[in-house]
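Take a look at these structures.
Shared between the two complexes below is chain A, which pairs with chain B and chain C, respectively.
This part shows the complex of A and B:
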């Protein structure tokens, strides 16, 4: 699509260009007439070649040549010399065209076509390409052609690596050469017939990259390669046993990438009939997170005491990753769930107390490990043979890189270096602790990112989101860290079975959430006083019953949509946000208007005051709250909040007992 | 670093930085009133330059090259962004000209008599949609176009540009974008396209033209927009894509197309536009408007509508109208109605500064960078990038941005565009309504 820049007409050239246009017009009409009449005489081909030398983008003319070639090849019969000369002529025309426009798609494509016919000297072709690449070393057509040719010639990876080294030797900022190296190295590692281990290959590569980095630290080329080589894979997470008093017990599967095809036949649960649902916010059927609800009140569970849930992932084929590869080895998992006797205060009709999020209601008593494991992060990571893939030398290389960048940054302060160091440190943590159960570099990473936020304000939002994630990673990395944020809640009825435990992540300037897979058991969560504009991903915390989102930057009820997946949610505080202060686009309701006939939605237009300033806010609130069974809601301090809106909320949520700190009658 | 130790790339880069630096330094010393004048978008001059280009287009001037529908699109879309007026005679001439480029077997060629090509088909259809009106829109032979798309579709993976042509990310985008806007998109056209695009995402995070190739701004836009239109965007490694994208904006304030390449005004759209897509996605990922339950409501209802107004000429080619194809029909529409929160992922004011001070020529037209000549391609994509950045901090696409989001006088504000098709939003809605009725 990138058109060739057109040169402006200078008056003195006007006459010349008019003559040229006239000539071109003639060639073109000649060509079109020949093409439509299937005339392939020598003269016709010559006129065509002239046309293409002037305008190589003329793809119809290239197709005409292909037809002509077929015509002449048929004529040549079995004379190999005659056939070769037909194809050689094509290469000559392409070469002339490329000299006119090195970026012509049509010319390159025609050349590939000629070569693939197998009548040309490939060595000669390679020499020509070498020359062309000297002229324009970043041309991606030429690089594509090079990969094509190397494949055709069956050239060894080593030879091609040598070529990239030559190119890098001439200009180490030539990122196209670095890119080709990365492709070649991947190929080498995959084939692995050289006897070289990945250690040898990558160690050499690091040395080369190191040299380049020390030559010019501001260059972007090499840093990206370093990053590539320090990525790791996350393990599959799964659930562990816990005590809970829900009728429907959610089982959440976290995959290390989005998968499709999770259903009752691919993930079987012994003695339960389950339906797996993707917790995916987009409309595709692939998701990293899948949930099913076990009916503990059903007939399968007529007995009291611990219930063992056994399930098997991937027993029958069908789970596919986004790249289409099937799920690996089948995995069996079992855990136990203990049903609690139903508590008196939970029986309907008995009113619970209002939950107040005031600080004095939380006490930081020592939380014991047992509770921590069962109530917060009862994840048991699958023990894969991780050790074999993370070898000492990989860690060693990263450590060397880290040391190198620290040296470099002590001499010169530059942002790409800081960012790379931060990424290396994160990679080091990820390699050393594949289950994210420790993070020794978090503090340093946070400092680097905070520095970058100041020195590179253009990308501050990008850095801030990373800071939030690193912070959460740090908080969830160890029991000790997590304990500092866990508090017993004593504000409500403390005579209950056990004191509710609250995870308090308030006042942390979080602008983004993550690491939910480590917090799946949390039932009470305080996220107040942050910078959240969205709560994307929160839908994974299926056991959440009390949630405080006050004093954030949530802009609308639709930003709260993940809550619709939280079946256990009872207490919600969204006070002091920005809901209703932004204009809402109403067009999206064309397809889901309250007036439409939809059985799932029972909508009584009378509940909206006829003179409401923004009926869409009401509709959005309705869409959100209709699926929730809240007993307590705080909305005060939002633009949408007024007396009429409150009475609307009371109408649509019969379960509500407390609204904005007041008991409803 | 000493100057003799520099590579060619670095020397070129430094030269551009100095050139751009000079312009900015000069600018910063001016009094505010002069600054305001320099930042002004030269609407009249641009329109004059564009219209002059358009007047040499019609068929009287025999087609000289293979990109003539592109010239139409670059000029018409630029004029539309500037809210420019085109004489009815000129509109008719363009519709007639493009009809000459239309192949009886479907699709548009680069000029009359040339074979149909996906890229020129995209340019022709976007031009006709930009012109609007029933004469223009009815000139598109949708039935034949669908046949052409099916012919270009590779059994596994992407699209071929033309009969015997190359397969790449551009071909996928141009086919899918046109099929979507003309309400032709179905499962057959979409099958395995996502896997092809996925195989073009490089470890850098950006998207390449073909598997194995290097990440590139233009292809990244094509790839991402395609994935959104076919509803498979979450198959891409989006965090890595953002990692790559945000660092393509350089100290010159404009964007580069690839790692270690020079800044170029046209990437204001290819990269800047991609970043605005990412901002909207960020929102979609929060479940705004597209989360599953509201989605099912939406598709159920639109399904009813889709059934009632179903285009039969199209269904005879396509498969039965399944749930999936109903969703495909709405991906583009739903996309622009997800709202964005928070600031942009790139420095949109800095980008506007580059476009207005470095790309803009005071006597009309825009260019790659200082020292280069203007052309219609760069005029189109600099202006498209300007529009994308002006609207990038808006909460939704259809409300006007705040004055502080628009660099220079507020009269610099261009018309809003549909970020997936790069046609005016109002024209997109017209086309959508027109083709919904068949």
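This part shows the complex of A and C:
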């Protein structure tokens, strides 16, 4: 099926080809007859072996051999020589088949089946494997078989690492060898009985990788493996309270990786009964972001004035990362919430008006950009020495790597070298400034990414997304820059004590959002006129009440999944996007629905028309909007937006007051 | 004056005729050698016909009765009549019946039972009673049972855990724990995680980058680093990228051109690489890839179930 040249069959070959086909067809049908009649004579087995030599993919023929083996072994009784020769014959048949096609799943499995019966000598196996790997060092069947044998022979991790070094020595581009090496190293580190620290092991690896990189810098293999070591670590970001008029005050915990086990017993809140919920896209039990709602209007808070909310993360065991590592030392955080009584005259005759995103409504004065800083008063526990040593080593290694790559790139222009250097620089910043409030490498990173966008246009969107993230990083870590984008909203709807904090990030060519942990206090967000096709991560912004996503590249309602978690969202503008323009939905499985078995839906057939041209738009809109209580929505400028769709929206959203600029009656 | 190289479009009629001719062929060498996976071939050919809007060019009743004749008393399906049952062909059988909206003719309990019995203690799946374990079979079990609305008959949590144990440092997945990342296995693992609502277990940025690096200079996609491009990876890599929403990290136009260049516009069919021999397998993957790239004239295909979206929607949203 692969790699055969396209050429019409010559007439003189037709007869020979037909004869070959007929011969095989007879072999196969004769075999099936023997199989169904359970005939395991020597002749039948020979015919079967002939068949497998020509067509090792004929899987039923391997099954038959296993049945025949069982038959002969039963006959042989307790004669070990007889039994061994039965299995040896099987190994011979497999070897013949592999010579015909050494990618045959059936052949490899049969060999493993035979060996696991325990009657065969394993001495020759490694030698056979070496021969096959010489012919094709990337054959994954052979590598799988190697791992199978290593376990069966109880070979040490060191010996196997030696083997990978040999393979890499023959060819630095052998990704399969590097992969096996990475797997063995992880095993070695986990078992940790060699007395070597992870530092020593990884330092050796860096040396090996460096040598390989300098030999052939264009090669992908070593660089993909070495990338793993780049991941920097950022600790938890804390959230600072603001003035808002919510009965339920959201507290958001933003971890640097997905964790499970966040419960009222592992994250305790003084004087409040809370339930922690994961804000994960697929209702899974592990998440980077967890939220709890403090009921401030309830019985627990019948006093006015400032309340100090104190909570402790990890006081008792239970919080685990996805790799099973437990959360570190307990962390205590405290912040202040001030309750103010609502004046009666502000509530009576309350006529909600449409929120407009026009300039005059935004007021830049008096905004303290420090309000978004993670400058929380908390009691910090002292770090243990061991941890800071590892951090030092990481920093040191990354600095060495950065120097090495800068050297390399001064000689010649290498795409992967540039990308790796950019990643190393970002990791270095992450290690040096764990709270993300500064970065020293942004300019160099941006230059590298912009270079890559030009020299590797195939992957330009990938680089553009990272450029967006670096820009956001710069923006949120500089008070001066942030002040240019932070405003208070002074629309007619607001009373004097309530000025929603608005972040205006429109017209910035943003193709990706990030750094949400820095933006948790934002109540209004203007992202109009950008290149966004996804709003992944936005679910963390629990205070968001107004969101403008118009003039972006959102391709479906499923892309708006993060909004399902925004309890406070009232005003949404998704006009002038691409909803309804695409036949393929790239967010389909990142949206909770019956397709991914994480949301059952029951809808009224009268409301959701099944005869619409694209019924999925209706289903998705239904699932999305039914959980929200929007008062204002704009959808104009999307292919999906027609009269029928708008009537449907009005029906499913009883709280809606304004649709596409029109007041609803 | 320079000659315009490359094809101007998709030769729909030629491909339809090619598939119908393969369906009729049984006695040439290639057909005989592939006799044992004819049920897979039926799925590839018929799904392609459906994507091109021509599924009713075949005799539905004839196809369906042949498929049912491939079913073994254990409930599983063999690759052809008289061949031993295996999970591979069981999925193809259910998928073809889904195309024709004929899943209801099955004894659902029987098929479910065959698959459920193949789940192992650690959550993995064997391909058949002889015990070969591979994440391909995890995908097949999950996809098949989901189409039958019987996903709850297996231990989904353990199945997911096993798949996650096959995740590698580069973000990809192998066939068994420790196995090298390979686009085909990645499709199976990502598809299984998608169907079970577990895509949060995938590092989408890490895997997305590994996958988008499969695009080589010619615009085609390979399956692993340092390998040749092949049209079948237009499915395995592309559908994985789509499920994790990173498909915009490749150059779609260049890939479309590569696939179109792999056509045999004279005799119909698509090959693994330009100017190689065509077959139904690559014809399906080429057309399915074009579908994912929103190529005009090709119906949209679901990236996880590998069936036209209208078929999948009918199964999950209509009753």
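In this text, the second predicted complex is superposed on the first by the 337 of 665 C-alpha atoms of A that agree within 3 Å, B and C clash if a C-alpha of one lies under 4 Å from a C-alpha of the other, contacts with A are read in each partner's own complex, and residues count from 1 in each chain.
Methods note: contacts are C-beta pairs under 8 Å (C-beta built on N, C-alpha and C of every residue); 3 or more make two chains touch, one makes a residue touch a chain.
This is a predicted model, so every value here is computed, not measured.
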Legend entry - First (chain B), second (chain C), both or neither touched by A:535: first
Inset, instruction - Look at A:17 in the shared chain and tell me whether it touches chain B only, chain C only, both, or neither; answer first, second, both or neither. - result: second
Inset, instruction - Using the touch definition from the top, say if A:172 reaches chain B (first), chain C (second), both or neither. - result: first
Inset, instruction - Look at A:616 in the shared chain and tell me whether it touches chain B only, chain C only, both, or neither; answer first, second, both or neither. - result: second
Inset, instruction - Go through the superposed model and pick first if A:562 touches only chain B, second if only chain C, both, or neither. - result: first
Inset, instruction - Quick one: classify A:432 as touching chain B (first), chain C (second), both or neither. - result: neither
Inset, instruction - In the overlay, answer first, second, both or neither for which of chain B and chain C A:182 touches. - result: both
Inset, instruction - Classify the contacts of A:627 with the two partner chains as first (chain B alone), second (chain C alone), both, or neither. - result: first
Inset, instruction - Would you check which partner chain A:100 touches, where first means chain B only, second means chain C only, and both and neither mean what they say? - result: neither
Inset, instruction - Mind sorting out which residues of chain A both chain B and chain C touch, each in its own complex? - result: 1-3, 5-7, 21, 24-25, 28, 32, 36, 55, 57-60, 63, 66, 105, 109, 113, 138, 140, 143-144, 147, 173, 175-176, 179-180, 182-183, 219-221, 224, 228, 258, 280-284, 286, 322, 458-459, 461-462, 533-534, 582-584, 587-588, 592, 596, 598
Inset, instruction - Please name which positions on chain A make contact with chain C in the complex. - result: 1-7, 17-18, 20-22, 24-25, 28, 32, 36, 55, 57-60, 62-63, 66, 105, 109, 113, 138, 140, 143-144, 147, 173, 175-176, 179-180, 182-183, 186, 219-221, 224-225, 227-228, 258, 280-284, 286-287, 322, 457-459, 461-462, 533-534, 582-584, 586-590, 592, 594-598, 610, 615-616, 619
Legend entry - For the chain A and chain B complex, residues of the former touching the latter: 1-3, 5-8, 21, 24-25, 28-29, 32, 35-36, 55, 57-60, 63, 66, 105-106, 108-109, 113, 138, 140, 143-144, 147, 170-176, 179-180, 182-183, 215-216, 219-221, 224, 228, 258, 278, 280-284, 286, 322-324, 416, 458-459, 461-462, 511, 533-536, 539, 553, 555-556, 558-559, 561-562, 564, 582-585, 587-588, 591-592, 596, 598, 600-601, 623, 627
Legend entry - Residues of chain C defined as touching chain A within the complex: 27-29, 31-33, 35-37, 78-79, 82-84, 86, 128, 130-132, 134, 146, 151, 156, 168-170, 174-176, 178-182, 194-201, 208-210, 212-213, 215, 224-227, 230, 242-245, 247-251, 254, 264, 271-273, 275-279, 281-282, 291-294, 300-304, 309, 312-313, 316-318
Inset, instruction - Report the residues of chain B in contact with chain A in the complex, numbered from low to high. - result: 1, 5, 7-10, 13, 62-67, 70, 74, 109-110, 113-115, 117, 119, 161-166, 170, 195, 198-199, 202-204, 208-210, 212-216, 218, 222, 231-235, 242, 246-247, 249, 258-261, 266, 282-295, 297-302, 305, 327, 330-331, 334, 337, 339, 341-347, 350, 368, 372-378, 395-396, 398-399
